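Okay, got some structures for you below.
After this come two complexes, each holding chain A, first together with chain B and then together with chain C.
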Partner chain A sequence: MSQLARVSWALARRALRNLLRRPQFLAPLVIFPSLLLAVNVGGLHRTTELGGFPEVNGFLDFQLAAALTQSLLLGGISQGIAAALEIEGGFFDRLAAAPIPRVAIVIGRLIAAAAVSVAQVAFFLILGLVFGAEIAGGAWGVVVTVAIGAVAGVAFAALGVALALRAGSAATLQGIFPLIFVILFLSSAFFPQELLESPIDTIAAYNPLSYIADGMRGPIIDSVQAGPVLEGLAAGGGLALVAMVLAVLALRGKLRDA
Partner chain B sequence: MSGRLRTIGALTRRALNEILRVPTGALPGVLAPTIFMLGLTAVFGKAADLPGFGTDDFRSFIVPVGLLQGAGFTGAATGVNLARDIEQGWFDRLMVAPVSRPTLLTGIVLSASLRALLPATFLLIVSFSLGVQWPGLDGLLLAYVLLMGMAAAMACFAVAVALRFRTQQAAPLMQTGNFIATLFTTSYAPYELLAGWLQVIADINPVTNILAGVRQGFVDSVTWADTWPALLSLAGMIVVLGAIALRGLTRVGVNE
Partner chain C sequence: MAAIEVVGLERAFGSRGGAVKAVDGIDLAVEPGEVYGFLGPNGAGKTTTVRMLVTLLRPTGGHASVAGFDVADQASEVRKRIGVALQEAALDMLMTGKELMELQATLHGIAPGRVRGRAQELIERVGLIQAQDRRVGTYSGGMRRRLDLAMALIHEPEVLFLDEPTTGLDPVSRVTLWDEVRRLKGEGTTVFLTTQYLEEADQLADRVGIISAGKIVAEGTPAVLKAEVGLPHLDITLAGGHEDLERARSVLARFGGDRPPSEGCDLSVTVEHGAADIAQVVRSLDEAGFLVESLELSAPSLDDVFIAKTGRHLEGAEDGAAPGEPEIAS
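Let's turn to the complex of A and B:
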């Protein structure tokens, strides 16, 4: 195993251990999206009767992807906060002084994010099944949803890490919490794009979150179809690529300042 | 009596000063309810087309939810600030001051009520500029009274949580309490359109009545039939949550 892989793996395990030791970071990833999921389903379950709403088993099936997207976004912020706390606590400086490939600092965090993302997707799929949702795509549908979720989770975490490396403060990361809702509301995560008000419907068409959410939703409400799945993977993968470049550039800047 | 009033005034001024000294800290709390209102309208606006919704203007229907959320978040933020004061030791200095505990609680809670005017007014300005129904002067005044009361009730809850956990890390618990209280009501749709399990929760949640009290002017007209349950529910919440917070305050220092 190369040194980069070894160090990245060690840092990923450390990040996961720290997350598990601090339930206050993990709990919001599932509590807030679960509560919003319950309120949305309980309050708006009749909207499936609206003209233009796709054929679904129930509104819960449709909303699962929204809860997943929201949870993964919160996961990205959470990874960013954890990275910022390492900067504030001085651990980053010790890593910077250590004889290790510096890029492992970012890669280790993203490996941990991928693992947490898989757990988040599994949690919401199980939650949905318990409360009567059906996964129309079957086992392959689950695999595809988990795959898109993991890629998207890595993308959001890379954005979080990039922000943490630029800002260097956990408080700044916490301050962008409302922004998550703005980005989500500007997508088709919560409601079909055809039923969104103008101009949000137009903006949603250009928002990668729409494709990520619809990519995860497709296999839940319908059979696995190449179109939405590939679009979801492409949107998540593209976002991950851009975010990782930003994170590495931010790391270089931070190391220059250190 | 005048000494108590002076203390309450000083505590309230201290909390309000934070808005002037760290305006960026208050910004998310001011913007969040407006973002929520705009977002929910853009996303779920077509829900008003459902038969039995009662109004075809989803924005006017949802504005009161944003107002209550803003008030609740302000109350919760008061608890977070108290937790910070506990962590930094300032609260210990308050505890040894010759001030009664009810006076301390009143000062803290009153600051929440006044701070709640900020997100509410911002949201109302945006809403009216977008064509939300004018609730009438009586509806507007009633809404402000209920919002200030809601902020006070949620501040009592958040103070109790802050005194129990004594750390800012309990902030999500304070916010979650407000989130549940506000949204597990007729927030998104009229009672008849809610799922059965949500109807049961909305029935026992006193905030449902408070929301109906705030909402009435925005979707119809103000009536006593919608007003007295709102005022009664709010009074009940303040008494119960205030008693819990006061109990927490009187137990500070006991067995330490």
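Let's turn to the complex of A and C:
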């Protein structure tokens, strides 16, 4: 194993272990989206009767993707806050003073983010199944949803890490929390794009979160179809690529300006 | 070849118009195996200098090499050869001591088969075997510093940087850490030690550089630096009356310069050979009929050197100690 792979893996394991040791970081990833899911499904379940709403087994099936997207976004913020705390506490300096490929600092955290994202998707799919949802796409549908979720989780974590490296403070990352919700509501995560009013429908059409949510939703409410899946993977992958470049540039800037 | 060589090193912060030089053109050289004490008050530029030498901060002027490699252009080579224990022990409070040691070993490229053994070796060396499976957040300040030091030694560095390693520690923890630094010196490790405590520099350093406002104002062995500002003197209080002090002064004239007596004593005399002159002084006074009630030898301190060079006291100079925290978690 190369030094890059070895160090990245060691840092990923550390990030995962620390997340499990910080229940206050882990709990919001499942509690908030679960609560919103319960409120939406309980209060808005007749939305499925609206004209233009896709054919679904139930509103819970439709809303699972919204909860997943919200949870993955919170996961990204959580990874960003963890990175910022590392800077504030000086552990980042320890890594920077070690003879390691510097990019391993970012890669390690993103590997951890991918693993956490898989667990988040698994949690919400199981939660949905327990409360009566069906996964129309079957086992392949699960695999595809997990794959899009993992890619999206990495993208959001990379954005979180980029922000942490630029800002260097956990408080800044926490301040972004409300903005995340605004961006999420400006997508088709909660309601079909066809039912959104102008100009939100136009914004949703350009919002990558729409394609990520619809990509994960497709295999849950219908069979696995190439269109939404590929769009979801492309949106998540594209966002991940851009965010990773931003994170690496932020890392270089941080190390240069230190 | 010097282990550390610094020529005209500068670091400015802020924009060009309002730039502030935290380090302003310092020169120094540390020989292999030497313990170099870098002494100065808070904000003098000690930590900025260390951060440049350990490649965490790029110099804005001059150049520096560590273990023969330039800190700016050959930073990765420098990192392989240095151990760093930064101020405030930058540890992960959620990890156990053992986990941190093993992570540090991986970061420093120690072969996977050797990671566990090497980590155990160092944990044992700093006396943390009992606490190794506990999270670092439960460690006392002294234990964290010892762990930090052990982590800095994981790859047997050529040059070890210790940035204020005992700041905030209780006296017992401090002495334990000093013993470890002495042991490292005995093993031939070059140590660059920043401190704001005079006693620490005096106890550990072969040579001391005193930094103030980003400039090195004095450098040399503690003994030479102290000798530069004056000789030791003896403050004497005589038993009984003080009527014949002039005669007492004349008795002591052969030892060296007469000084104005310090507060609360009758006589003050410079003693060229320090403690070695005490017996002779007492004997001379006794032979002349004077009975000594008390005497106190005062030697110039590094604080006197600092005052002589900068016109002000060094923080922590009064007792050489910092307010400590009790060692409660063992």
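The working rule: the second predicted complex is superposed on the first by the 258 of 258 C-alpha atoms of A that agree within 3 Å, B and C clash if a C-alpha of one lies under 4 Å from a C-alpha of the other, contacts with A are read in each partner's own complex, and residues count from 1 in each chain.
To be clear about the criterion, contacts are C-beta pairs under 8 Å (C-beta built on N, C-alpha and C of every residue); 3 or more make two chains touch, one makes a residue touch a chain.
Not measured: the values here are computed from a predicted model.
> Looking at A:58, would you say it contacts chain B, chain C, both, or neither? Reply first, second, both or neither.
neither
> Is it chain B or chain C that touches the larger share of residues in chain A?
B
> One more residue to check, A:27. First (chain B), second (chain C), both or neither?
In the superposed model, A:27 contacts chain B only, not chain C.
> Between chain B (first) and chain C (second), which, if any, makes contact with A:10: first, second, both or neither?
second
> Tell me which partner A:237 touches in the superposition: chain B (first), chain C (second), both or neither.
A:237 sits against neither chain B nor chain C.
> Between chain B (first) and chain C (second), which, if any, makes contact with A:195: first, second, both or neither?
The first partner, chain B, only.
> Per the contact definition in the header, classify A:42: touching chain B only (first), chain C only (second), both, or neither.
First partner only, chain B.
> In the superposed view, which residues of chain A touch chain B and also chain C?
On chain A, no residue contacts both chain B in one structure and chain C in the other.
> Would you mind writing out the residues of chain C in touch with chain A in their complex?
Against chain A, chain C makes touches at 51, 54-58, 76, 79-80, 82, 84, 86, 88, 90-95, 99, 103-104, 106-109, 112, 135, 151.
> Under the touch definition given earlier, write down the residues of chain B that touch chain A in their complex.
Where chain B meets chain A, its residues are 24, 28, 31-32, 35-36, 38-47, 49-50, 169, 172, 176, 179-180, 183-184, 186-189, 193-195, 197-198.
> Taking the complex as given, what residues does chain A use to touch chain C?
3, 6-7, 10-11, 14, 17-18, 21-22, 89-91, 93-100, 256, 258
> Under the stated contact criterion, what part of chain A meets chain B in this complex?
Interface residues on chain A, with respect to chain B: 24, 27-28, 31-32, 35-36, 38-47, 49-50, 175, 177-178, 181-182, 184-186, 190-191, 195-197, 200.
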